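Two complexes follow with subunit A in common, the first pairing it with subunit B and the second with subunit C.
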Partner chain A sequence: MNVLKCQNVCKSYKNFSMENVSFELPMGYVMGFIGENGAGKSTMIKMMLDLVRPSSGKIEVFEKDSIKNSKEIKEEIGVILDTVGFPSMFNTKDINNMMKRAYKNWNESTYWDYIKQFQLPEKKKYKEFSMGMKKKLAIAAALSHNPKLLILDEVTAGLDPIVRDEILDIFREFVSDGQHSIFISSHIISDLEKICDYVTFLHKGKLIFSMEKESLFDTYCMIRCAEEDVEAIPKSAICGIHKSGYGAEVLVKRKDVPFGFDSEPANIEEIMLFLTKHNIGEKI
Partner chain B sequence: MHIIIKNTDRTPIYQQIYQQIKQQILNGTLQQDMALPSIRNLAQSLKISIITTKRAYEELERDGFVYTIAGKGCFVAKRNIEMLREDVLRQIEEHMQEIAVLASSCKLSKEDVWEMFCTIYEEES
Partner chain C sequence: MKWLLWRDFTLFKKRGLGGAALYIAMILIYAVITVSFYGVTNSNGESLHDMQTGALTCFGGVNLSTISLVIISFQFDEKDKVKDTLLSMPVSINNYVLEKYIFFYTLLLPLFILGFVSSALGIYSVESISFYTIGIALIPLLYIPISFILDSEKAYLIIIFLSLAIGYLFTQYIYNLIISNALIWIILFSAVTICLAFLSYKASVKYCTKK
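Right after this comes the complex of A and B.
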């Protein structure tokens, strides 16, 4: 089953248009959603949540139409957007009281277990929370109505490496039974690289790719060589190139590189950078 | 079972897992019909993606080192002679490569090496 399915989704604003974006996320897996600022990631997420309507195309969540079944879908998803909007005077208790009225499946004991696990203070007001505490509270709130899918926008941004590691562990545990899935956008590519099974890359409103992380690493690799040696690489293989004056870094398609070239694995950050900033032509 | 993942290694993570499990099956640490950890548990423990572990297991199954029972998990397959033989052949080849490099570094001829080998081989058998 696909927990998320986008089919030819388009959205146009005055200065921005998203064109024909299609991808799917199977149940039990984690999809990382990457792209530069303004690429359309948040717009895409808002469309999944039916906060913004697509100009055309279709989005299905749990195989249900995202617009027609918006209400029942929301009962089963946990959402954290980049700004966490709890009232500033609320403490953890007030938030529990608010959330249990919002969700049918709100589970108070799950909520308090997370509050305890994250060592969040019960009396302190939300506005006095540190950045890390705010994010952890948002996670506790997003997980306490037994959601089947988490939709997360920049959830690890601004957090220290220790808290990020803790949060990634929570997400790993969440998906470990195969019934729960995560769709996560982030600029901290190293976090995504650690946790994602699928990577979806949006650039200027266009889908560059959406594929299994392992096939991504199969598809691309890096060659680092002297600038004059670039000539020897078949043109068809080169996807992006950066020349420093002392040498060249080239992102290439592995299958088009002749045997004997010394290539290195490319990481997601390199793939992203070389397909956009250092891209040559339209060889994506 | 031991699995040590090196992030500095050029070898992809799935291959590191594949090689280490395979090695432990071939040397008998993992015995026939022993259950391997589930894909999802292993991914969680190693802090890597599910898809990466899945690929390692798929390749182990493809090459006949493990078998899967739907709903139960993944188990160590029977070690067959062919598998062992191939692994030994690979090891011999590696040693020979070293010998070739060492021999040429001190200008030892093929015949000299062959003579040395014959002496050793006769002593062993």
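Right after this comes the complex of A and C.
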């Protein structure tokens, strides 16, 4: 079963357009959603949540139409947006009172367990929370109504590595039973690399790829060599190249690595950079 | 939708002087002003509480202060950037928008009640109060869609300007023309208000997620 299915989704704004974006997330897996600022990641997330309507195409969540079944779907998903927005005058108790009225499956004891685990103050107002505390509170709220899918937009941004690691552990635990899934967008690619099973890459509103992380690593690799050696690599094999005073870094398709060159595994960040910033042609 | 109403009223209460306390104070001031003028006449023996004065007070004066307090709630929400978070929770866009109208009208209810009481006591004529009620009812219908299309700050300024302009034009030029056939005009204005309510709601739903 696919928990998320986007089919030919298009969205046009005055200075931005998203074209025919399609991908699927099977149940029990984590999908990382990457792309530069303005690539359309937040727009895509908002379309999944029916906060923005697509110009054309279809989005299904739990195999239900995201527009027609919006309210029903939202009962079963936990959402953390990049602009976490709880009322500034509310404290953790008020937020619990609001959430228990909003969600049918709200579990107060789960919520308070997270509040204790994250050491969040009960009486302090939300506006007095630090960035890390706000994110932790959002995570507690997103996880306390037994959601089947988490949709997370820049959830680890602005957090220190220790807190980020703590949060990633919670997400790993969340998907461990194979019945829960996560769709996570982040600029911190190293975080995504740790927890993702699938990677979807959006660039200027276009889908570059959506595939399993392992397939991605099987598809691309890096060659680091002297600048003059680059000539020996067939142009058709080069996906992206970056030359500096220290030599050249070349992203190539693994199957096309020429004889005599040592290849190294490429990480997601390198693949993303070389397919966009250092891209030389069509070989995506 | 009930949880949204709970949220709005809880926040209104929590804002203290910026919310509920000031709101109650304004209602009391309005009541005191209205009642204290009752029976007061000028040197020519004319009542200071004629219909024009009443209508002018209603449209251009104390009510705007009260309404501005209601609008503060909308501005706080915008400042807190809560809209997307709330809409990502189990509520449809239609219900989210509808709740805004219900919340606004609930807080305007004391103004309507005071109007009716004033009328019942003979402080204002039934005609004056009818026009006043329609005028007050129009404010959320204009404010809410404008706040979605622009933002709450600009919508507030537009509403203040519109209210003062309409109030002035109404009392200076229109009131005397229509008062002889007041009932017809009241029915006509009510019908227009109902149509406007429908259009206002539709526009709010359309523009709620456009920005």
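We adopt the following convention: the second predicted complex is superposed on the first by the 280 of 284 C-alpha atoms of A that agree within 3 Å, B and C clash if a C-alpha of one lies under 4 Å from a C-alpha of the other, contacts with A are read in each partner's own complex, and residues count from 1 in each chain.
Following the convention adopted for this analysis, a residue touches a chain if its C-beta (ideal position, glycine included) is under 8 Å from a C-beta of that chain, and two chains touch if they have at least 3 such contacts.
The model shown is predicted, which means the values in this text are computed figures rather than measured ones.
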| item | value |
| --- | --- |
| Which superposed partner A:His242 touches (first subunit B, second subunit C, both, neither) | neither |
| Touched partner set for A:Val30, first subunit B, second subunit C, both or neither | first |
| First, second, both or neither for A:Phe217, with subunit B first and subunit C second | first |
| Subunit A residues touched - subunit C or subunit B, whichever exceeds | C |
| Which superposed partner A:His187 touches (first subunit B, second subunit C, both, neither) | neither |
| Interface residues, subunit A side, partner subunit C - complex | 46, 49-53, 70-72, 74-75, 79, 81, 83-90, 94, 97-99, 101-104, 151 |
| Footprint of subunit A on subunit C - complex, ascending | 2-3, 6-7, 10-11, 14-15, 76-77, 79-93, 209 |
| Residues on subunit A engaged by subunit B in the complex (per definition of touch) | 28-30, 168-169, 172-173, 175-178, 194-198, 212-214, 217, 264-265 |
| Residues of subunit B touching subunit A in the complex | 10, 12, 14, 40-41, 43-44, 47-52, 55 |
